[in-house]
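Please find the structures below.
Look at the two complexes coming up: chain A is in both, with chain B in one and chain C in the other.
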Partner chain A sequence: MTALSIAGLRKNYGGVTAVDGIDLDIPQGCVFGLLGPNGAGKSTTFKCVLGLIRASAGRVLFAGAPISPVAFERIAYVPECSVLYDWMSVREHIGYMQSSFSGFDPKRARELLAQLGVGDENKRVRALSKGMRTATAVALAFARRVDLLLLDEPTSGLDPVNQRTVLNLIINEAAQGTTVVFSSHQIGQVERAAERIAVMQRGRIVLDGVVDDLKAGRKIVEGILPSDDFSLNGFSSDARIGRLERNGRIVRAFVTDRPDEVAAQMSALGAQGLRVVDLSLEDIFLDAVAPQAATASVVEEV
Partner chain B sequence: MPVIFTVDPRSGIPIYLQIVEQVKRSVALGLLAPGEQLPTVKQLALDLTVNPNTVARAYRDLEHDAVIETASGRGSFVRANGSADAASIAAGRDVARGEIDSAVRTAKSLGLGRDAVTDLFDNALDRWLPEES
Partner chain C sequence: MDYIAALRGRKALVVTVIVLAAIVVVNAIFHFSMDSTFHIAPSFADLSRMKGSVTTHEVLPNGAKETIIANKALGRRVVIVDRGYRGTTVHETSPITKKSQKAGTASGPLFTDRKTTDGKSYKETMRFGGASDIGFFWYAALVVGLILATVLSGTFSSENDGHLEMSFMRPQSREHLAIRAIATDILTIFLAELATVIFALATVAVYIEVRPTFSGSTLATILLNLLAPIAWYAMLLAATASLRGGRGLVIGLAWPLAFIGPAALSGTAGNVLPIWRAVHAFLVPLVRLDPLWFMQHFSITPKTVTFGVTLGNVVQPALAGLSMLALLYFVIAVLQWRRMEA
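Moving on to the complex of A and B:
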């Protein structure tokens, strides 16, 4: 079942297009990682999905229906910039959440705050460090019983121990069937916690899929050609090859499908020293946001 | 649960395959005994900080390869049917097959022919598995 369905989502700010036609279907119980460089449109997407800013076009369905105020009982959102009130204490925030959301569990909130090292409830938010503010916002969100968690950079500013704690909170929610969508700059974290990912660039999704499938299919085939002027024209329009890099006799092909066949074909042409190299998600991400990646092209390196 | 698995998300090898490989190795080495219970999907997901579906996928592969079996409601166990060592031998063979396959592929990519590879294998066999005279 689809928990969150986004179709044709677009957001223009004056002449600038922040989100440029996004389509995503996120299954229930899935942990979905949203990756992308700064300014790619991830935060704007979160806000448009929730209706916090009005989308210029597109449709968003949560559990099959448009998101209404009633739905906010079943959705928790942690924005990139803290929404906590500077002048309120942590204790007052717990009270505020309790009066705002019926599914909020203050006991669970206190457990999570202690686990994340926010010990003193009497502290006002203005006295908390950036990391502690993030930890407080995350603890308050996870203390609610919801069907969908939207987390915009939930680990930013956290120390490594708290980052791991938050990832495990996400995993724990997923094991209970909650759908989690989170963005992060830390690809290693996304890779651990997320089952599916989408990579955004300039408001568009340039790559999406199941993490393990993306890694299984994508390889670099590397080899040494017989001569400097050896023609690779046969490969430049090959659908299996996303990008071909050449430096003298050394050729590197970013292959998206059936790497062994590509290696065998190159070998048949006389290429030597062929290697099929595994790509990490970071390599795949960097390749997806590289300007050359859009079309197959031969890049002559000097 | 004496066996500690680890995963390296930076590696290009999908995480579920890393788990499959480590469980097979542990079974082959006897670190996991036939009939021994594996952690639940959720527990292993939290221990390794990886997505629960990734662990579930690894367990499905291990079931398919007859290394483990899952009794609904009771958990997953290292297979114990047949001889006590059957699971261990099968798991060891799976791991070794992967390594040998990759070694032959490397040799081929370096331009070695069938005869050269056969020689190398004979040498390795003489060294590690000499025939008893």
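Moving on to the complex of A and C:
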């Protein structure tokens, strides 16, 4: 069953298109990672989905229906920047959530706050560090019984221990049937928690799918060439190779099909120490958004 | 009730109550550290010193001090009954002269002045302390109400300033959220005014007995003194509902502008120069958008505030004007705020 369905979502600011016709279907109970460089449109997408900013075009359905204010009882959102009230204490924020949402559990909120190291409830938000503010916002969101959690960089500013805690919370929520959509620049975190990902660039989805499927079809063939000026022109027309990177004598071929055959071919050309390795999600991400940034020395684009 | 507005309101009320309590305490210290008991007799010292005046003092069976100043030559007789903390009554009889004021009744806080005449002499009874219409104390509350209204009027703007993701993610329509916030702020203004009335009574009670009374015009007076800050709040709310920052500047400018309008209107009234007549004509509808313009009509002096007259001539049109103005500004504010984007 689809928890969140986005079709043709577009947001223009004057002549600038921040979100450019996004289509996504996110299944219920799925952990969905939204990746993209700064300014790709991730936060704008979150806000458009929730109606916090008006989309220029497109349709968003939550559990098969357009999102109305009543649906916010079943949706929690942690924005990228802190939206907590500086002048209010953590305790008052708990009171605020309790008065606003019937599914809010203050006991659970206190447990989570303690777990994330926000011990003193009487502290005003202005006295909290950036990480503690993020932790507070996350704890308040996870203390609600919801069907959909939208988390815009929920680990931003957190220490590694709390980052791990938040990831575990995400995984646990999904295990209980909650759909979690989260963005992060920490690709390792997304790789650990997300079942599906979408990569955004300049407002568009440039890659999406199940993480395992994306990784399964792609390999890297690494080897050491006989000399620095060794020519690899023979690979330029090979449809199985998406991209070649070369750094001195070391060559990496990003292969989309039959990597063993590509390795054998490179071996025949004199390359040594050949090995076929899995692509990390970071490789897939970089390959999707900034192939030229993937390595300092790109020798050939195929 | 809106939680955030209620928290803001609570903090504002705490400050208000602390200030008001401090005023009571300062007055109590002043009263008990030096003899500041109210005595009216010295006001008639001139009469008692006149040639032919006879002054007698007597303590009445109820403990009150009676002072009689009589001057047969002038035809004047003043009887002062000083009951100390319980107040003072003055009966004055004097011959009718061209300067004599017309008969009538004027009242003010802790003060009533009744003038009668039998055609030959003129009798005036002034009473200080004791029964006093509670409506008068709401005029004191007006000042506090206006201050609170100004402080609270940035409620939408402060939400716009980085909290809309919290505000708009609540499971109610934006109109509903807006109305709840407004209603909470109005309640805060009311409570602040109520506290002011209570503390004003307490402050007066330090000096003289006060027994609050109610008349037919009390409710209208209370409504008027509540509506004026609410209309002021609504105007500032409408002026700042779309702002993310800079509301302090707008709210700060509103005060001088609100006074300049009515002042310029009266300043240009009756001017023969075409330019000033044009300015006046322009200002006539404009000032009616300013709640302070309505408020200027109920500036009080003991003569003008004779409740029955005030109610019919001034209070009712002001109530209607302020109500419509507040409603108009609330609609404008909500329409703006519901369109805000996070």
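One rule holds in what follows: the second predicted complex is superposed on the first by the 236 of 302 C-alpha atoms of A that agree within 3 Å, B and C clash if a C-alpha of one lies under 4 Å from a C-alpha of the other, contacts with A are read in each partner's own complex, and residues count from 1 in each chain.
Throughout what follows, a residue touches a chain if its C-beta (ideal position, glycine included) is under 8 Å from a C-beta of that chain, and two chains touch if they have at least 3 such contacts.
This is a predicted model, so every value here is computed, not measured.
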Touching partner for A:101 - first (chain B), second (chain C), both, neither: second
Which superposed partner A:92 touches (first chain B, second chain C, both, neither): second
Contacts of A:47 with chain B and chain C, given as first, second, both or neither: second
Residues of chain A touched, compared between chain B and chain C (which is higher): B
Chain B versus chain C as contact partner of A:278, first or second or both or neither: first
Partner chain(s) touched by A:195 [first = chain B, second = chain C, both, neither]: first
Partner chain in contact with A:72 - chain B first, chain C second, else both or neither: second
Touching partner for A:238 - first (chain B), second (chain C), both, neither: neither
Residue ranges of chain B in contact with chain A within the complex: 7, 9-17, 41-42, 45-46, 48-54, 57, 105-106, 108-111
Interfacial residue positions of chain C with respect to chain A in the complex: 3-4, 7, 162-166, 168-174, 176, 341-342
Complex contact set, residues of chain A against chain C: 47, 50-54, 69-73, 75, 77, 79, 81, 83-85, 88, 92, 95-96, 99-101
Chain A to chain B touching residues, read off their complex: 30-31, 164, 167-168, 171-172, 174-175, 188, 191-195, 211-213, 215-216, 219, 223, 263, 267, 272-283
